[in-house]
């Protein structure tokens, strides 16, 4: 079974600072993989490189066998690689339904079925059917997160990149969102790659964890093993200001 | 949407259509014809900049391009002025592509500045190459599109109604939804698989074509064309009219333009203080009524209050 | 040859003064101040009012004129621009409104004919075939001095560092406790003062009339586009480039063609390298 996503020696420099340093990994179809790392490890930069929002300085990204070099973000999406953003970015002034409609009008899906029908289906799938006509400016953050995912789903991705989907959510909202992601993984046949810097949320969702620090991959293992990995522990305990170490590693 | 808006619209259109029969003043009809043309220009501006949020500070470029192209063809080659309509629109579209392609790809104020610069450049060019453009005096002696003032009145009214209707339809279509998404968040639109540059350029092309045709109507109404038609004052006046009407609504700017263009005529002697009056109106709107005056009033009137 | 060297320098100095203030306020506050030309005109007219109508001596009049325009700029930023900061279009429109009001006000107060402002230096220098007025030389010297002072201020003082920080990363600067609003006021004051100084210095040899804000405004933003929005060194470089190009064209071909130089420069810049000579990358 060939990999859906193959990343080889990917690098990105910002005038002197190496944000992503020779990163290589591959994702098999159907996996849910997590990328773990403290703030500043290069995780979001990695996402921006994979999705075409930042130009690559070195290395290669192959999606479904095709090289993604130099493609504009919207073209990458239309190949089946969608993403959400760390800070929700809804289209303000428009309703939830209209937000998802935009995704349904992507060339990849526009003519497959009526965009309006698909939009309503997706809203129902993420549990926002009752908010369809509400303007996004008044939606609570948890709903905006679901909307982000809905909009990405609208483009029928094969691989979905979720950037810190649990950030900013209250403890009661995390488990429902986690359950939703698992449900969508099954129902839509998605391959998922998600970033989080808190391990607890990972544990139940992902089957494999890629740990990053300072732009490099420091470990790849199952969630249970990753917490015991010496480099990972060092990456977290080495940060004096990160009070949540115990919380992160699921210990304390 | 219910029938109330349709009833209102029909009444207003009927009144405008009946006007020449009731009021026999050719002078008033002429003024209203020009007001209708301003409406076309304002609505076309709104279609691009109101929907996508990418401000266009040189809309006069398209107006002037249409006007001068048609004038040139009519005066130098004695071409029937009706051919000026597609020719003027085509020239405006060409300019839209030339400027839109490099600048709409970019973030920041480059598009706005490029349009402002381009309109000003065109204005200076008409003065520098006066042998072809007639310089400060422009090109006089153009043929009118129709031979009666009443005919021209109906022509301009029809053009305004058709243009506004077409733009409204486009704005309410899937394409219009994408344009509004672009206004909301371009990066998120890209992440939703939309080629934002294509849609921005498409919107600009539509906007330019309408403005250019309006320019042709204007040139043949005045039966002359002067460099003023490229002026910054015109571009800015249009934006003010759009603000008064309600940015992003298309019909608001059309009506707002008619009202503001009518204003200097109603208040006699305001002529040379026109810009001053517009500035005061603008400041008032910016601070107290950023949603405009026309669109909110209309929504109240037809009971669409949210 | 000497003519071109000297007159080119004078033109570049005036352009630099106009462009630097405009790019400064954009780089720091992200405001495209289309009333910048009005600052220039207001400086010239204030000087005219004080010397011509009220009979003040020249130097105090010039200083007061510059201070007045600086204060005017600060007031404009505080009361007209700041409340509208949430919408870039609204800010642009309000600065345009100010520019329009300036033109109308000057027209109402002083009429449409050109006015005379006395020169600081009435002598003329001659050297070989060169004949240049003292006023022009003064403008050149003052222009160099002002731009140099500004450069020193930004790079060597704490306030200057704060300004740089704010222009590079607004949120980061706020986190560091830099008072953004106060800095905007300072930057606007500097920007307006330099424009007004340019107006005062050039008024004796250029025209003073209500529409005088338009051409300098167009020149300023042409230079700023070519040099790179927000880059002071870019503006200086572009000012030199355009100032000298125009002077050479004026001597070699004809003065009527000088317009084309900056226009072509702007078009080429926007099509080939929109970020300008020294601007940051403009793309996504």
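Letters are used for the chains, namely A, B and C, taken in the order the chains are written, and counting of residues starts over at 1 for each.
Here is the rule we go by: a contact is a pair of C-beta atoms (placed from the backbone, for glycine too) under 8 Å apart; a residue touches a chain by one contact, two chains touch by 3 or more.
All of these numbers come straight from a predicted model, not from anything done at the bench.
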Overall pattern in which the protein chains touch one another (line/ring/star/complete/other): line
Longest centre-to-centre distance from chain A, chain (CA-based): C
Innermost chain, where centres are averages of C-alpha coordinates: B
Chain centre separation (chain B, chain C; CA means) in Å: 32
Whole-Å separation of chain centres (CA-atom averages), chain A against chain C: 48
Centre distance in Å when chain A and chain B are each reduced to the mean of their C-alpha atoms: 44
Two or more partner chains touched - positions in chain B: 187
Overlap residues in chain A, where contacts from two or more other chains coincide: 53
Contacts with two or more other chains, residues of chain C listed in rising order: 284
Chain A residues touching chain B - in the complex, by the definition given at the top: 51, 53, 72-75, 77-78, 82-85, 89-94, 98-99, 101-103, 105-109, 115, 151-152, 154-155
Chain B - residues contacting chain C, complex: 55, 57, 99, 102-103, 105-110, 112-114, 116-118, 120-121, 124-125, 128, 187, 232, 236, 239-240, 243, 273, 275-276, 278-279, 282-283, 286-287, 290
Chain A-facing residues of chain B, complex: 174, 177-178, 180-181, 183-185, 187-196
Chain B partner contacts - residues on chain C that touch it in the complex: 32, 80, 83-84, 87-90, 92-94, 96-97, 100-101, 103-104, 214, 218, 221-222, 225, 229, 256-257, 259-260, 263, 266-267, 270-271, 274, 282-284
